[in-house]
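Should a chain be cited, it is by its letter among A, B, C and D, assigned in written order, with residues numbered from 1 in that chain.
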Amino acid sequence: MSDRFAQISISLASIAREFQVRGWAVGTSGNFSAVVDREPLRLAMSPSGIDKGALMAEHILMIDQQVRVISGHAAKPSDESPLHIRIIQERGVGAVLHTHSIWNTILSDLHADEEGLAIEGYEMLKGLEGVRTHEHREWLPILENSQDMSALADSIGGTLRKHKSAHGFLIRRHGLYSWGENLAQAKRHVEIIEFLLEATGRAYLIRKPQVRS
Amino acid sequence: MSDRFAQISISLASIAREFQVRGWAVGTSGNFSAVVDREPLRLAMSPSGIDKGALMAEHILMIDQQVRVISGHAAKPSDESPLHIRIIQERGVGAVLHTHSIWNTILSDLHADEEGLAIEGYEMLKGLEGVRTHEHREWLPILENSQDMSALADSIGGTLRKHKSAHGFLIRRHGLYSWGENLAQAKRHVEIIEFLLEATGRAYLIRKPQVRS
Amino acid sequence: MSDRFAQISISLASIAREFQVRGWAVGTSGNFSAVVDREPLRLAMSPSGIDKGALMAEHILMIDQQVRVISGHAAKPSDESPLHIRIIQERGVGAVLHTHSIWNTILSDLHADEEGLAIEGYEMLKGLEGVRTHEHREWLPILENSQDMSALADSIGGTLRKHKSAHGFLIRRHGLYSWGENLAQAKRHVEIIEFLLEATGRAYLIRKPQVRS
Amino acid sequence: MSDRFAQISISLASIAREFQVRGWAVGTSGNFSAVVDREPLRLAMSPSGIDKGALMAEHILMIDQQVRVISGHAAKPSDESPLHIRIIQERGVGAVLHTHSIWNTILSDLHADEEGLAIEGYEMLKGLEGVRTHEHREWLPILENSQDMSALADSIGGTLRKHKSAHGFLIRRHGLYSWGENLAQAKRHVEIIEFLLEATGRAYLIRKPQVRS
């Protein structure tokens, strides 16, 4: 086991536990990966079926491009590993994080008809890599959910090619995928998109009272 | 005290503390059990009246099928122990967890007239044992509350026989019962059902603004 | 410093920190007390102006019935100490806890015209001392706020005599006071009342969609 | 490195981590400062781009009035350092804290047309320095957002001179700035204003049911 894999596994497990505490990866949901080597691809991947609130570095698996386990002895890698690999191939990124939050679930359904959701005018957008101003308009694509991982991977591939500047996407009534050059950037992107989804959803609910101001 | 009971007690107390932090077992509410032996039944059971945020393994009691204390010296087992035992008998499961959350309380009341609540179309449903697709429709039965534990146990027995595939049920304005083959699975089920109840309740509130899209 | 005062101070500080984390005592708000001796009255009291998230046992003051500091060297006891003393005198209880939560603030305003709020039909009510069934109707009185501590103490005295079975009261746009025979019971009462206020407030917002069921 | 800078850095990092846990500084957002020396100005400042949930004292930079790094080796000080310096100059305060919360984001947009938001009648207002009664009316100014830090600093300067008694201000769809004589007071002010914004926002949503009372 390389030092780099060991180091990445510690970070990956720490992010998973933090997200579980926030309620973004409860019920063993959520999956998380980071690139260890590119040629050939070696990916640190969270295992399937383990409580993310108790995930430790030693649970992290190393897999290859065909989702074969190269090292680690947890039961098996996440079922959604092919989706992570597709995102890494399409975007050339170093880490992919997938969360199931209340607000990403609700908004992924509410805006499914438009196949996406525009978020603009928020300072928090500047935290997305390459964004320089709050006037940025981020389009967050929404895909239909599927249990056919191969079809879903192809659908993701098409979405990523169509929306070159997207920092994440939603799967309907399922969750958020975001990514980054490394785990720190991917975590930042997830936290920003989750924040903006919650702010957007709560803003939909609120109306200023007539009698006040 | 068997090693198995000791081990189960550590896990049971850990789950109780985590649920208390989430607000699902405040005010000494909530109760939690796991099977130590089946023949005769020996059940690790959380005690009555103790702050679940401070529950430690040494507070867990071992009881038999008649709710007699076999080992442990906390005051007394939870008043709802007979409900746990009934669920274990009906379902043959290894662990039963009961939570009082804001959202399970609200939805148990809102849908009481229909005697249950259907949840379907969410990826999170796949975390329920035996469910293979988000297209699954989970019926979460709702029972009227009662202080007659024997009557309530019978009502639960009838509900479980009628709804063979249910992974949990609600008691009106009272809380959620869920279970699993073991504590890890039962915890997963509780987290999933709580997540889906919150997502359902919050989705009821929200409407997409006309002016946006 | 007596062992009993030392022990109570540890518990008092622990409760204060837990409540601050929950958002019930932010901005140095909230104050907490427990009886050390009754004849003459010796009260362990949280100090004024200290971050409750960082409150330690050594910050707790011992005061007498005239709010004079008997031991401890923090700046001064909470301004609301006379309110704690009045509750202890009226009810003969051993601990008084005062929280500022979002939901107690909102409901104390929403129901101020009726001078109180009825909560009934919830299983959680059974956690209030002496309550045997969820069918219990708890009347939570609401008092107008005042900066005249002596007038407010008298108003509290009148309220407690009028509502003999109340387990707490609200001060309008200010917060909740609850109490118990000891700190554990008082903490239980606060958590239950805060839970029921949040459940009540959120239930006001929600409506079942027509198209579902 | 002075003892005073070292001490301030520990407190600054601790506040940042606590605010990140509350969701007020996720995605590396938020920035935090405290005065080490006034003549010439030496300011302890949080660095840009670091996860505030993992911010440690050794990450804190010491900068001068021109935002030059005097000590510390993290990448660079926060881009919003000039805004902190302007507030310190205008108000003579010892600490400035800037948060991005869901509720400050929503209310900064909802009340942007009135260029501010009045909050009055809450006991929590008394925690703001110099406020003696809940009858106080706090005007929280709202500024338009800008990426021109120099223009934004001037806009802040004008706002602070116009609203001499304000304890904070909002930048539209961006966040809250508050301050205090020292870090403890600034933290208290942030927690109070965040509490009052959440209470205000949630109170806008709620209506008392007709059938109850």
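Simple rule for what comes next: contacts are C-beta pairs under 8 Å (C-beta built on N, C-alpha and C of every residue); 3 or more make two chains touch, one makes a residue touch a chain.
Not measured: the values here are computed from a predicted model.
**Q** If we define chain centres by averaging CA atoms, which chain lands farthest from chain B? Would you check?
**A** So the farthest one, by centre of C-alpha atoms, is D.
**Q** Taking the mean of the CA coordinates per chain, how far is chain C from chain D in Å?
**A** Distance between chain centres: 30 Å.
**Q** Would you mind pulling out the distance in Å between where the CA atoms of chain A average out and where those of chain C do?
**A** 42
**Q** Which positions in chain B are in touch with at least two other chains?
**A** 205
**Q** Can you give me every chain pair that touches, using the contact definition above?
**A** A-B, A-D, B-C, C-D
**Q** Chain B touches which residues of chain A in the complex?
**A** It is residues 23, 26-29, 51, 53, 100, 102, 105-106, 109-111, 114, 145, 147, 171, 173-175, 201, 204-205 of chain A that touch chain B.
**Q** Would you pull the chain C residues touching chain B in the complex into a rising list?
**A** On the chain C side, the touching residues are 18, 22, 121-124, 127, 132-134, 184, 187-189, 191-192, 194-195, 198-199, 202-203, 205-209, 213.
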